[in-house]
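Chain naming follows the written order as A, B, C, D, E and F, and within any one chain the residues start at number 1.
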Amino acid sequence: MSDNPTVEATNDEPQATTEHRIPQPDALTNKDLMKSWFGWWWANEVPHTFDRMLAPSFCFGLIPSLQKLYKDKDELAKSFQRHLLFFNTQATWGGGTLTGVTLSLEEARAKALANGEEPISEDMINNTKVGLMGPLAGIGDSIDSGTVQYIFIAMFLPFAKQGNFLGALLPFLCFAIATFTYGYYFTKMGYSLGRSAAKEIMTGGRMQGIIDGLGILGLYMMGILAGQYITIRSFLKFSISGKVFNVNTILNQILPGALPLLAVILVYWYFQRQGLKITRALLYLTGALIVLSIFYII
Amino acid sequence: MSDNPTVEATNDEPQATTEHRIPQPDALTNKDLMKSWFGWWWANEVPHTFDRMLAPSFCFGLIPSLQKLYKDKDELAKSFQRHLLFFNTQATWGGGTLTGVTLSLEEARAKALANGEEPISEDMINNTKVGLMGPLAGIGDSIDSGTVQYIFIAMFLPFAKQGNFLGALLPFLCFAIATFTYGYYFTKMGYSLGRSAAKEIMTGGRMQGIIDGLGILGLYMMGILAGQYITIRSFLKFSISGKVFNVNTILNQILPGALPLLAVILVYWYFQRQGLKITRALLYLTGALIVLSIFYII
Amino acid sequence: MSDNPTVEATNDEPQATTEHRIPQPDALTNKDLMKSWFGWWWANEVPHTFDRMLAPSFCFGLIPSLQKLYKDKDELAKSFQRHLLFFNTQATWGGGTLTGVTLSLEEARAKALANGEEPISEDMINNTKVGLMGPLAGIGDSIDSGTVQYIFIAMFLPFAKQGNFLGALLPFLCFAIATFTYGYYFTKMGYSLGRSAAKEIMTGGRMQGIIDGLGILGLYMMGILAGQYITIRSFLKFSISGKVFNVNTILNQILPGALPLLAVILVYWYFQRQGLKITRALLYLTGALIVLSIFYII
Amino acid sequence: MHVTLSVWQALLIAIWVALVESRILGFATLTMRFSPLMTGMMVGFIMGDIKQAMIVTAAIQLVYMGFVAPGGALPAEPAIGAAIAVPVALLGHMSPQGAIAIAVPVALLGSYLYQFRFFLNTFALKPMDKYAREGNARGLRFSIIGIPALISFVLFIPLIFIALYFGAPVISGLVSNIEHGTIIHVLNSVGGGLAALGIAIIMQVIGKKRLLPFFFLAYFMSVAFAKLEINMTIYAIFGVIFAILYVMLSQKNASENS
Amino acid sequence: MHVTLSVWQALLIAIWVALVESRILGFATLTMRFSPLMTGMMVGFIMGDIKQAMIVTAAIQLVYMGFVAPGGALPAEPAIGAAIAVPVALLGHMSPQGAIAIAVPVALLGSYLYQFRFFLNTFALKPMDKYAREGNARGLRFSIIGIPALISFVLFIPLIFIALYFGAPVISGLVSNIEHGTIIHVLNSVGGGLAALGIAIIMQVIGKKRLLPFFFLAYFMSVAFAKLEINMTIYAIFGVIFAILYVMLSQKNASENS
Amino acid sequence: MHVTLSVWQALLIAIWVALVESRILGFATLTMRFSPLMTGMMVGFIMGDIKQAMIVTAAIQLVYMGFVAPGGALPAEPAIGAAIAVPVALLGHMSPQGAIAIAVPVALLGSYLYQFRFFLNTFALKPMDKYAREGNARGLRFSIIGIPALISFVLFIPLIFIALYFGAPVISGLVSNIEHGTIIHVLNSVGGGLAALGIAIIMQVIGKKRLLPFFFLAYFMSVAFAKLEINMTIYAIFGVIFAILYVMLSQKNASENS
């Protein structure tokens, strides 16, 4: 199993492409956007893998639209390949928006190729996707999974407590409908933003600011989630001549929240050193947690 | 009733003014500043109107000083007219300071006109006034009305509770004296700041930074006031198969403070679209509040 | 007693120094760093004075290293003199780091002098020291005295309560060992940072940013300490026709924490006006506190 | 409650209210208008029972602590409330709580009267533009102070007089009608919501959309930290600090030494 | 507890679990997987006692309020927990609390099963690269949806079926073994700590080391303000404001007018 | 309380105090000086009752948790307090509370003694300038360590010895005189206020007026959030974050990628 997926795109814009006539792409319609959004929505986490994460389902969603854009078999194959590279984001805020953005960039690229102009490079498409997927994952996870879902559950839980099946059905339906709807809205918004973004990218405009801003928000939300969801505390006690010391109490005097933070920092630091080797990190972390908890250190 | 007061000044600096000799202005003294401050203080909210707000009282205060500056009838009339344009601010922090600032700018203008030099334009005087009035209103309202006043009342309230008339007289006197005193101080400060501001304006210096800073403070104080003084909550309840849902509780789970904020945003957004049509906004808002509350939605 | 120590270094880089041959300095080893760190650590607050504060002990620590660097008697004497100028910082975070930084700068200076190159000026060495000593004092006091020390005491206090002498010995030993160890680590870190800092200084790089950042942190920590450790409250009461007014309660309605802040601001403002006249400030402040508290004003 | 006020008493109180609501006594009338205290005192003085009047007014005051009126929109007129409620309470030997029950709805009604004064001013002050164009300081002064003062007197004196002279039973009836139920709920909601108008006016007048994040920052600070009951002055100090830091950082010379 | 499920009942529940855990019903399966509610309802439907099933499931739900799975790492599979615990509870007439005692360890075990699905996918999806290279949309589609769906069905259906059909006594035994003592402590610790993985993945993917201060700011805000129980949306709004201010200030045109 | 210490006991304790207050044992003496614990232990050792001495000292320690001395100004000398109070308590079989009542005023007086040491150093160290000018390392070393050590010994040994040997009754008298009433109030006020000096010194030494907003920010954070009892380390982390963000934003390369 390849444990080290590379995110870099193949950078070889073949000069040959402009020589053999490339057919004009069909224009993308709202229906195409819906198809691609639905494809991503449907396949979403079905093909989850450790090395590509959600790339397969992202590619799955794009297939019908890419077929309309690249009548040339070679370009179509290349577009499939580039969207199978490592990709991970949250379904609506991330995947919806990026389906739209990506399609607008692909459309610009397809048109330019057909007209023999300088196309948006594969790299550019990839960088935009990769730059935005992380921040939007952070935002989307906190909002969709972390907030919207549980608000609906909390609202209707009293039904469930009374034995009424609406307590299960209503939160499911509300969540399904709400997220599908605004996910599609994000797709369309991403598509129209992408058109201007494409220009911005070319002219080196405020794109960096937007990515920075989203990065801040994503990292910030991760900080909030880390503070609220990671629960590691020490169960270690030791005694010096009869007096019992509770390590967790001492740690809280020094720095409340130190242990959960330490866990995140260690994994993050591992990724920084070794690349995004998720499986290994998972194994090491699980191993460490098991060993430490067997001895009641945590 | 003209519901759409325009804030723009008349921009036509008549070339004729430099041709017929304009008499030298008298220099403004501390006594003049006191007169103008007192005029504004006294007239303050007497001539409150929807379309000019406090412009008439601001103009009222300036009258004696403007008479000393503009011996030329035409210029005097023009100066009256420009200070009857829409103006609204808080009495001491805003009105005191701006009385001083405006007089220093008018004095510079009057001198330049008399000497046949390039004068500070009417626009410049207006922009300075208009740029500062909002932030200073935000600051002044929170401090004078919102803090100083109630501190005095709270201090002496025990008297009132015991039936002692000092419980009414002392807070009134303290507030009246304190605000009159520091309002006059702000007038003098504004006057001397205005002299340097006039230079800054000409040389394009840090004026923008100051206005920005005051704008931040003003908006920020409005945020605090909105959070503490607008009290809109939902009384809506609905039930699905027997279970009662309390909308206010649900809203608080999603976003505490959502309703008051929504009210501000709607009115603000109305002004953004339609201009500062205060009467209409008042009518619409009151209407909406009445209708919503009759049905116990709020 | 000279109450106004000047911080400025003597700026006269004598041109003569490059004429008579200056011997090559010995390279500084880890052992030298340890010697200097230990010297500073040992002498630390022994020679505390009002006008130089901890400069003597800082100089004391440097002596053996300076002797290795400056074989030339004149340069040695000058180096002694410059490190007897006003200096105050916390022992480990400040003194450790700055011992390292200073030695690296001195070494660079000594080498340049011996090679007849343009040396780092005395001013530069002084400015670096003086720029960093304040912020690092703020940081170090809060961490070492304010946190580390009391954590150890709190941990072992239960022993003391049971009459066990470990309750005294363990916090002392832990604190002594921990601070000595990381103080030495800071010295080494300072030394290697200093080498790059020396280059930065020459090329005008990010040094300013670092000093700014440390300044912010230092001032910020002083704010936190002021808020938590200065305890001034008013005991003043007065009554108007029978009603008792408690000044402290009123002050807390206007601005909680006003009195401690006022004390800091007054002393700070005195220093701004009069220079760093610590003895006088001490006398005036003590006098004021005594007088005010005798009359139960505070 | 068949005891009533004498003509003179009713008239004097009505004139006092007109003085306050016309704002003719300068900026110092602000606190006369926002607080029922001075009005309560005057009523006590006119009716010869300062002590009881002050006790009743103090209770009313508690309802109105902390009101502000950015952009002019005060959600109630405590002075008008007190002008009616204190006499009724004194005559009827009511408890302070009963007086509050009268003052609150009356003050709410009063705020619409104040708005109506605004409305009339808006038309009646037009002559000032003519005088300004002519450079006529005298005319200008009259139209700015004289006209609106007159309007206020014509508006407030008769209304308050009638309310007081014929009013105690009428008011009691009115009040007990609206005290419970929908009307008072509506009035409360309108009062609680109108503050949004003044705030939005100032935001619009400040006019820097770019700086709106600071509005939201402050709003949600005050929501998130509500339990800490942080003093308004401290909030203001944070605002000053944020403003300074923003301006320092947005100007190029930020990294200069000072 | 010798009463057991019929073959059909066990099979239907197993298929349901496979549908949910394969995620084949689209993004909507997220909430089916994160929450035990829909699974509890289906079990109630299949076993003919919706009412009791819902009551038991509601109790289980309370344990899992607020779980998120950044980067895929959900610390437990509530749906699997419910699929086993609710039938056992219905058959054994157990209290909701007893059902929780079964659901929690089962859900923990279930999360390792879900991880295993990941693991298998990682190998089994390789053909998609070939189809992509060939531009073969049909093959691509099949390998992206068909293969992993198949894997999930082959993995979950037999396991859950066996657990349910033969399982009630086995599971009870298993559960009472691990309920107290070290095993459950270890499982809890792993569950509580694995959230760190998903968070670190997203941090790495965002990839801007320079912006890490905002991570720490948020982390320590949530620690320092824990007592205030600040709503997540408000935290998010602060994040948006910080991001906007930072970007405004870091761009040269910050001091432009707007 | 006629029992007294032997000459040797009094002398040994006096020497210990001089060692601590001269700071001659290096930076490690900081905690000996800030905390009464080591002194209490030594007293117990010298007087042959470590156990009781520790119990008394632990009570005294609680009064002095969290003291810091930025710029040198410690508002009390707990070590001196303990050196006097623990023997008196042991001899008089006093309760720990009684010992505190003695330690607190003595420690306050002690802090003026420490200030006096400063004062003497300021004059007595002058020779070091001469040695520096001559490049005389030996002389420099002596004047930096030897002179001030001598001063401290001459200052502290006799005073503490006399206080201990002749002192128990005297001290008791003194203490009961000042324990209540104005003197202790004054001493407390001076102690509580002197911290302002050290803080202002560091602020002046940092010297960047431009950055003062961060001082005020921190001050009012610690006031506004007082109820949350936020840990000092967390405050420091916020400080680090603010510093980093400010520096990032104030440098031109802020918007560079990293």
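Basically, a residue touches a chain if its C-beta (ideal position, glycine included) is under 8 Å from a C-beta of that chain, and two chains touch if they have at least 3 such contacts.
If you're wondering where the values come from, they're calculated on a predicted model, not measured in any experiment.
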Rounded to a whole Å, what is the gap between the Cα centroids of chain B and chain C? 48
Where the centres are mean C-alpha positions, what is the separation of chain E from chain F, in Å? 56
Can you list every residue of chain A that touches 2 or more other chains, as numbers and ranges? 147, 154, 159, 162, 164, 209, 212, 253-254, 256
Numbers and ranges of chain D residues touching at least 2 other chains: 208-209, 216-217, 220, 223-225, 228, 231, 233-234, 238, 244, 246, 249-251, 255, 257
Looking at which chains touch which, would you call it a line, ring, star, complete or other? other
Could you run through all the chain pairs that touch each other? A-B, A-C, A-E, A-F, B-C, B-D, B-E, C-D, C-F, D-E, D-F, E-F
In the complex formed with chain F, which residues of chain E make contact? 208-210, 213, 216-217, 220, 223-225, 227-228, 246, 249-251
Help me check something: in the complex, which residues belonging to chain B touch chain E? 208-209, 212, 252-256
Where on chain E does chain B make contact in their complex? 231, 233-234, 237, 255, 257
Considering the complex alone, what residue numbers of chain A touch chain C? 240-243, 245, 250, 253-254
Report the residues of chain F in contact with chain C in the complex, numbered from low to high. 22-24, 26-32, 34-35, 37-38, 40-41, 44-45, 50-52, 54-55, 57-58, 61, 65-73, 115, 117-119, 121-123, 125, 128-129, 131-135, 137, 140-141, 144-145, 147-149, 182, 185-186, 188-190, 192-197, 199-209, 211-212, 214-224, 226, 232-233, 235-236, 238-240, 242-244, 246-247, 250-251
